[in-house]
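The structure appears below as C-alpha cells.
Chain IDs A, B, C, D and E follow the sequence of writing; residue 1 opens each chain.
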Amino acid sequence: MSREGLDVQEAVTDAPAATTTAAPARAPLPDTAAVQRQASAARRRRRAGMWALRLLLVVVWLGSWEAAATWWIDPFFYSKPSAIWHRLVEWFDIGTQFGSVWEQILITLEEAVLGFVIGAAAGVVLGVLLGRSRYLADVLAPFIKAANAVPRIVLASLFIIWFGFGLASKVATVVVLVFFAVFFNAFTGAREVDRNLLDNARILGASRLQVLGTIVLPSATSWILSSLHTAFGFALIGAVVGEYAGASKGLGLLISNAQGTFDSAGIYAGMIIITVVALVAEWLLTMLENRLLRWRPSASRSSAEVV
Amino acid sequence: MSREGLDVQEAVTDAPAATTTAAPARAPLPDTAAVQRQASAARRRRRAGMWALRLLLVVVWLGSWEAAATWWIDPFFYSKPSAIWHRLVEWFDIGTQFGSVWEQILITLEEAVLGFVIGAAAGVVLGVLLGRSRYLADVLAPFIKAANAVPRIVLASLFIIWFGFGLASKVATVVVLVFFAVFFNAFTGAREVDRNLLDNARILGASRLQVLGTIVLPSATSWILSSLHTAFGFALIGAVVGEYAGASKGLGLLISNAQGTFDSAGIYAGMIIITVVALVAEWLLTMLENRLLRWRPSASRSSAEVV
Amino acid sequence: MTEDPVIRLRGATKRFRSSSGGVHTAVHDLTMTVGRGEFVAVVGPTGCGKSTTLSLVSGLEPPSEGEAVVNGRPVTGIPDGVGYMFQADAILPWRTVLDNVATGPRYRGASKREARERARDWVRRVGLAGFEDYYPHQLSGGMRKRVAMAQTLVNEPSILLMDEPFSALDVQTRALMQDELLRLWSGTGAAVVFVTHDLEEAICLADRVLVMTASPATVKASFTVPLARPRDVERIRLSTEFLDVYREIWESLREEVEKTRERGGKRVA
Amino acid sequence: MTEDPVIRLRGATKRFRSSSGGVHTAVHDLTMTVGRGEFVAVVGPTGCGKSTTLSLVSGLEPPSEGEAVVNGRPVTGIPDGVGYMFQADAILPWRTVLDNVATGPRYRGASKREARERARDWVRRVGLAGFEDYYPHQLSGGMRKRVAMAQTLVNEPSILLMDEPFSALDVQTRALMQDELLRLWSGTGAAVVFVTHDLEEAICLADRVLVMTASPATVKASFTVPLARPRDVERIRLSTEFLDVYREIWESLREEVEKTRERGGKRVA
Amino acid sequence: RESRTLPLGEDGQPEITIMVGGVDKVIYLPAMLTERLGGFERQGLRVKLLSEQSGANAETTLLSGDVHAVVGFYDHTIDLQAKDQCITSVVQLADVPGEVELVAANKADEIRSPADFRGRKLGVTSLGSSTDFLTRYLAGSAGLSTSDYTTVKVGAGQTFIAGMTNGGIDAGMTTDPTVAQLVNSGKAKIIADMRTEEGTRQALGGLYPASSVYMKCEIVERYPEVVQKLANAFVETLRWLKQHTPEEIADRMPPSFANAGRDLYVQSIRDSVGMFNGTGRMKPEGAQNVLNVLSQFSTNVKPKKDRIDLSRTYTTRFVDNVPAS
C-alpha cells in the first residue's frame, strides 16, 4: 500500500531519471506487467486449491460424524449434523419455545455489549491511570494480582444473588471478565510508552493532560485494541454463563434448556449461533482496529517470492 | 545484575585505569558508598510506607464489610469476613463433608495440572507446526478461528456427556481452555522468529530439525511462557467449572454444595482457596520463567533517580 | 563568548540508580558555557554522559548537585526557547508529517489552522513538500529526521540541543542532512549544542568542539574550529585545515576512547 | 584474478513480490567475479540491492534468472565453505558467548567438547577471553559483533560474506573492529565480499571496490585499491593515496547516490 | 465406557454409584439417610453417593453408565422413553412431588392462586425440569396458556431466595429446605403445597409420584438380585422414617446440611417428611397422572404420548419382595 503511494510520487517527479539507470550493454528490464500477471495467476490458483482443501476437510468431518451417528454411536449423546441443521432451521423458521431466536440473540448481545463497554472503559481508565502512576501501581499490585486470580466464572452465581436475575447480574459477570483482559493491556501500553516520545512532547511544550491525550493514549491504543478481541469473546461467554446460571431469555438459556430436555442437537445449535456471533464481532473489531491503526505499517508482510 | 557482574570484571583488570579518570583540578568523586546507603535507606522507608498503606486498605475493606454485614446488609446473601474465616478454619481443622479439604484441593489440582500439561503440549506442538508451515496455517486458519470462537465453558457439560463424570471430562474442559491460550502464542512465537537468526543458522550448517530445536523453539519460548500464566488460570477455572457441572469431589463441588445449602460463607471460602492456589501457581510459573529466560535482560528496569 | 552565555553548567553532577540498585555517576562536576548563536559540538567516548548533559540543560532531569542556568535563570522544568532533537526517533508514529510538525504550536495554544499553516511552511523548508499526509512508517530514515528537525524548528528555539541526530543514517544521507542543518540554522541566531560520536561531523559543523572525558563525563578540552562559513560539508572534509584540526582533536579524544575501551564490557548495551 | 574465480555471478536477476502485490526487481542482470583470497568491497546507494546480491551468493535465495556459481559449482542450497556475517545482529540471545561460537561446529556434527574447545580458541582470538559465560544482552554492540565474527570464522570459511557488519557501531569501535578483521583475515586465504555504505571503510579494507548502480543493482565500476598491506586503518585514512582513491570512487558513486536521492521517499524504511 | 454392566470390586461384590439430584434436598433425603443408617452395608452393597443439582445431567450420566442408579423425579423415566431410552423406577419413595409453589410476600395479595399467574414471572429450578412441567400444569389447570406468563430459570437454594426477595420472580416452585427458609423469614407465602397427598390432589387433581430410585432397564434385567438389595435398603429407610421424629432424623444427617440453622432444618424435615410413602410402591393412578401432565407440557413427550408404555417406566416387583421387618 505504502509502496504504491510512493511509486506514484516517483512516477510523477522522476520518470526521466529512472530510464538512465540501465547500463547500455545490459539486457532491458523485462516486461514487469507480464511477470506480474504470471505471479497473480499463480496466486489465484493457489487460493482456489486452498478453498478446495478446506471444503474437503469440512465434508469429510461432517460426513464421518453423520455416518458414525447414524450407524455406530448413539446420537442421543453426540447428536448428528443433520439433526443440528434441522434444529437451526426450526429455530430460525418457527422460533424457539421462548420466542424468536433473534430475540434470544439480541438479549445475549445486549448483555455482552453493555458489559463489554463498561468493562473496557473501566479497564482503559484504570489501566492508563495505574500505568502512569508508579506509586499507585506498586501499592495496588498485590490486590490486582489476587483479584485477577479469583475464578471469575464462579462469580456469575454470586452476582445473581447480589443483583438478581435481570440484566444487571449478566452485565456484572461480563464486566469482571472484560475488565481484567483490557486492564492489563492498557496498563502495559501506558507504562511502555516510549520515553523519547514523552520527553519530546514535554520539550515541545505539552501540559500533563496534553501528554496523556496525545502521547499516552495513542501509544496504548494498539495494546488496548488487541485486548478487545479476547475481551469480546469473554463478554459473550460471560453473558452465556450468566444466563446459564439463571435467566428467562437468551442463548445461554436456550442451551441450558436443551440440556434439560435431552436435546443434544439444541446444545450444538446454540453453540453454533454463539460462535457465529463471536466471529461477526471479531470481524467488526478488526475493521475498527484497521481504521484506528491506519498509521501502522500493514501487518501482512507476505513477501513470498515470485519465482 | 548484569552490571554487577561486569563491575567485578572491571575491578580485577582495570583498577589502575579507573583512577586516572579524575582530572586533577576537579572535586574528588564523593564517597559512593555513603550515597548508596542513603539511597537504599530511602528505598526501605518507601517500601515500609507502601506496606502500611496496603494493610490499611485491607483493614478498611474487611472492616467495613464486617460492619455492614453485622448491622445493615443481610449476611445470608453477602456473608461476612468473620464467618468466612470460621468456615476456612473449620475446613482445614475438621474437614469438609466430602473429606479433608486438602483432598479437594489435590483433586482439583490434579485435573488442572493434567489438563494444563496436555493442553499446553498440544498447543506448543501445533502452534510451532503451523507457525512454521505457512500453507497449513493458511488452510486451517478459518477452522481455528471458528473453534476459538466457540464458547468453551459451555463445552464442560458436553464433555460430561461424552467422557463421563470422572477425571476425563474435567481434564477435557481444561485442555480446550488451555490449548487455545498456548496455541496462539506458540504460533505467533514460531512465526515471528527473526529471519536473520534462521538464515544465520542455515549458513552455519543447521539441518531443518536443528533449526527447529535451536532457533524456533527457543525463540518462541518467551511467547509460550508468557501464555502459560493465563493458561494456568484457565486451567483452574476449567477444573472448577467442570466440577461445578458435576463431580464427586473437588473445590468446584465444594462451592456448588455451599450454594445448595445456603452457605454463602462456604462460597467465599471456596473462592479464596482457589485464588490462593492460583497465586501460588503463578509464583511457581514466574520462577520457571525466570530460570528459562535467564538470557534476557532483567525486566525490572526500575531506573528511578537517586536524588 | 563567555560573557552573558545562553547556557551555563556549573559543577553539575548527575547520579542515577543503576539497575542493580547501586549508584552510577553519569556526569561529575561539569562546567561549561555556550554563547549566544554559538554552534558547539560535543564529542566523547561512548556512554560517557553526553546525553545526560543535554538532559540537564533541557530541564528534563534536575542535576543531583551543582546548577544549570539557561538564559540567566536556573533551570526548573523545561526552559523557554529550548528545542531538543533526540538521539532516537521521537516523532509520533500515529500522526502524519504535517500534524507531527504542527504538534509544538498546538501544544503551545495555536489554533489548528494556524498551527498547520506554520507546519506546512516548515515541511516545505526541510524539503518534504508533497509528503504532508504520509505517516512516519512510510518515510525513510532520513525523511523522518527531517520531520523531527521541522518539528523542533517550528517552535523557533533560541537554544537547539541535538543528540547524535544523524548517527542512525547511512553515510550519504548523513552528509546531506548536515548541509541541510547548516542551511536552516544560518541566520536563526540560535545557540546549538550538537552531540556526536563522529569527530568528522563535529568539525564540519561546529564553531567549537568540546571533548568529554571517559565516564563520568566532564569537559576535558575545548577546540575552536578555524573553518570559514558557509561550509560545504562534502568538500571541506578533504581539505588540509580540516585534517589538521582533526588530528589535533583526535589526539585528545583518543586517550578517553582508549580509557573507555580498556574498561571492556562496561557498556551494557 | 579472473581465471578460476571462487564466486561468479552471471546475468543474475532477482525479483521480489512487493508488499502491494507488485513485482520489485532488486538485482538485474548482474555479473561479477571474486578471486581466491581476494578482499572485495561493494558500495552502492541505499536499498540498491547489495544484500540481495550476497543472498544470491550464499544460496539463501535462488536467482530468478541467470546463475550463481561458487567454487565452480552452481549454487543450490548453501554452498560449502561459505560464511556470512549479517547486517543485523544474528547471534543467539539465549546462548552464552561460548555456546554461540560453538553453534557452527555443533551443527556440523562436532562433539560438545570439541566444539567448545574450538569455540574457546576463537573467543580468545577475537579478544573476548573472560566473557565466555556472558549472554549477548550483557555485551556492548562491538562485543556482539566480535561474537558474530568468531561464530562465522570458527567454521573456517573459504568465502566470507559480510553485510555492513560494522554500520551499527560508533565510529571509534568501528575503526577498532576493522583492524581486528584485517588481522584475523590475513593468512586465512579466504575470499571476502564486504558490503558497506561507507566508502572510507571500503577503501581501508579492500583490494578492490565494486560500485553498484542505483536500484535495480548491477555492477557499475570496479576500482583497485593501491594501498599496501598490512594496513593500519586509523592511519591510512589520513594519507594522500587514500584521499586520491577516495575522490575517484566517490565521483562514480555520487552519480548513483544522487539518482537514488532524487527518487525521494522510495526507500520504505 | 460400559453402560450395561455393574463394576465389581475385588471381592466380587458390585460397586454401585448413585447420583442424587441434590443430596441436600429434603425430597431426596432417604438416599443419604440410608447411607447414614448403614442400610447399604447391611445388604452387603458398596454404594457411593454423588450429587448433581440438574436432573437431566444426572440421567445423562445414568445412561452413559457413569452411575448406576439415580435418585430423582419419576417423570424423567417417561421423558426418556420418548427419547427411546429405557429407565425404570425400582423404588418409588413418594407419591407426591414435595414441591411447593411460593409467592413473594409483597405480592401475596395479588397472587392467591395459579389463576393469578397472568403476566407474572415464575421461578423454576431449570427449564425442562419437573418444576417447569408442574408450574405449567398448575397454570394450565387454571386456564392459562404458556404465553400468559414467563418461566425463569432460578436454580435452587440461595439463588432462588435471592430471586424471590429482590423481585426477580413473583412466584416460584421449589422444595425444602428452601421453602422453610423463605416461609420462616416471612419472605414468601405458600399457595400450593404439594408435600402432602391432600395438597397435591388439590393442586394437580391427582397424585404426582416424584422422588424415586431408577435404573437402566438393562441393568435391572441383568442384576435382579442387586436391585433387590437396593430396594431392601431403601424400603427399610422408608419404614424407619415413619417411626422417628424430625429431630431424630435431622440428628442422623450430616451436620453441614444444617448450615443455615438446625431449627430450620428440623422444620423443613417436619414439613416434608409426610410425603414419603413408607412402602416404596408406585400407585398406578399416579403414574398415569404424570403421563397426563407431560403429554401436555413436555416437548419430548407431547408428540409421542400415545406410544408411551407406562409399565416399562416403573416396577413394584422388588419392593413387593422386601421382607417385612
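Heads up, the rule we're going with is that contacts are C-beta pairs under 8 Å (C-beta built on N, C-alpha and C of every residue); 3 or more make two chains touch, one makes a residue touch a chain.
Which chain is which protein? Per UniProt: A, B = NitT/TauT family transport system permease protein; C, D = NitT/TauT family transport system ATP-binding protein.
No experiment lies behind these values; they were computed from the predicted model shown.
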| item | value |
| --- | --- |
| Separation of subunit E from subunit A in steps, with touching chains one step apart | 1 |
| Neighbouring chains shared between subunit C and subunit D, ordered by label | A, B |
| Chain pair with the greatest number of C-beta contact pairs | A-B |
| Greatest separation from subunit D - chain, by CA centre | E |
| Subunit D and subunit E: spacing of chain centres that average the CA atoms, whole Å | 83 |
| Subunit A-subunit D separation of Cα centroids, rounded to whole Å | 44 |
| Residues of subunit A touching at least two other chains | 2, 6, 9, 77, 157, 161-162, 259, 304 |
| Multi-partner residues of subunit E (each touching 2 or more other chains) | 54, 57, 60, 64, 155, 158-159, 162 |
| Residue numbers of subunit C (touch at least two other chains) | 134, 137-138, 265-266, 268 |
| Complete list of chain pairs which touch one another | A-B, A-C, A-D, A-E, B-C, B-D, B-E, C-D |
| Subunit D - residues contacting subunit B, complex | 55, 58, 60, 78, 82-84, 86, 88-96, 103-104, 107-108, 130, 134-138, 151-152, 155 |
| Subunit A residues within the subunit B interface of the complex | 50, 53-54, 57, 77-78, 134-135, 138-139, 142-143, 145-146, 148-155, 157-158, 161-162, 233, 236-237, 240-241, 244, 252, 255, 259, 264, 267, 270-271, 274-275, 278-279, 282, 304 |
| Subunit D-touching residues of subunit C, taken from the complex the two chains share | 45-46, 131, 134, 137-141, 143-144, 167, 170-173, 176, 197-200, 238, 243, 246-247, 257, 261, 265-269 |
| Footprint of subunit A on subunit E - complex, ascending | 54-57, 59-60, 63-64, 79-80, 83-85, 121, 126-129, 132, 150-155, 158-159, 162-163, 166-169, 298-300 |
| In the complex, subunit A residues that touch subunit C | 2, 5-6, 9, 194, 196-197, 199-207, 210, 214-215, 218, 221, 294-297 |
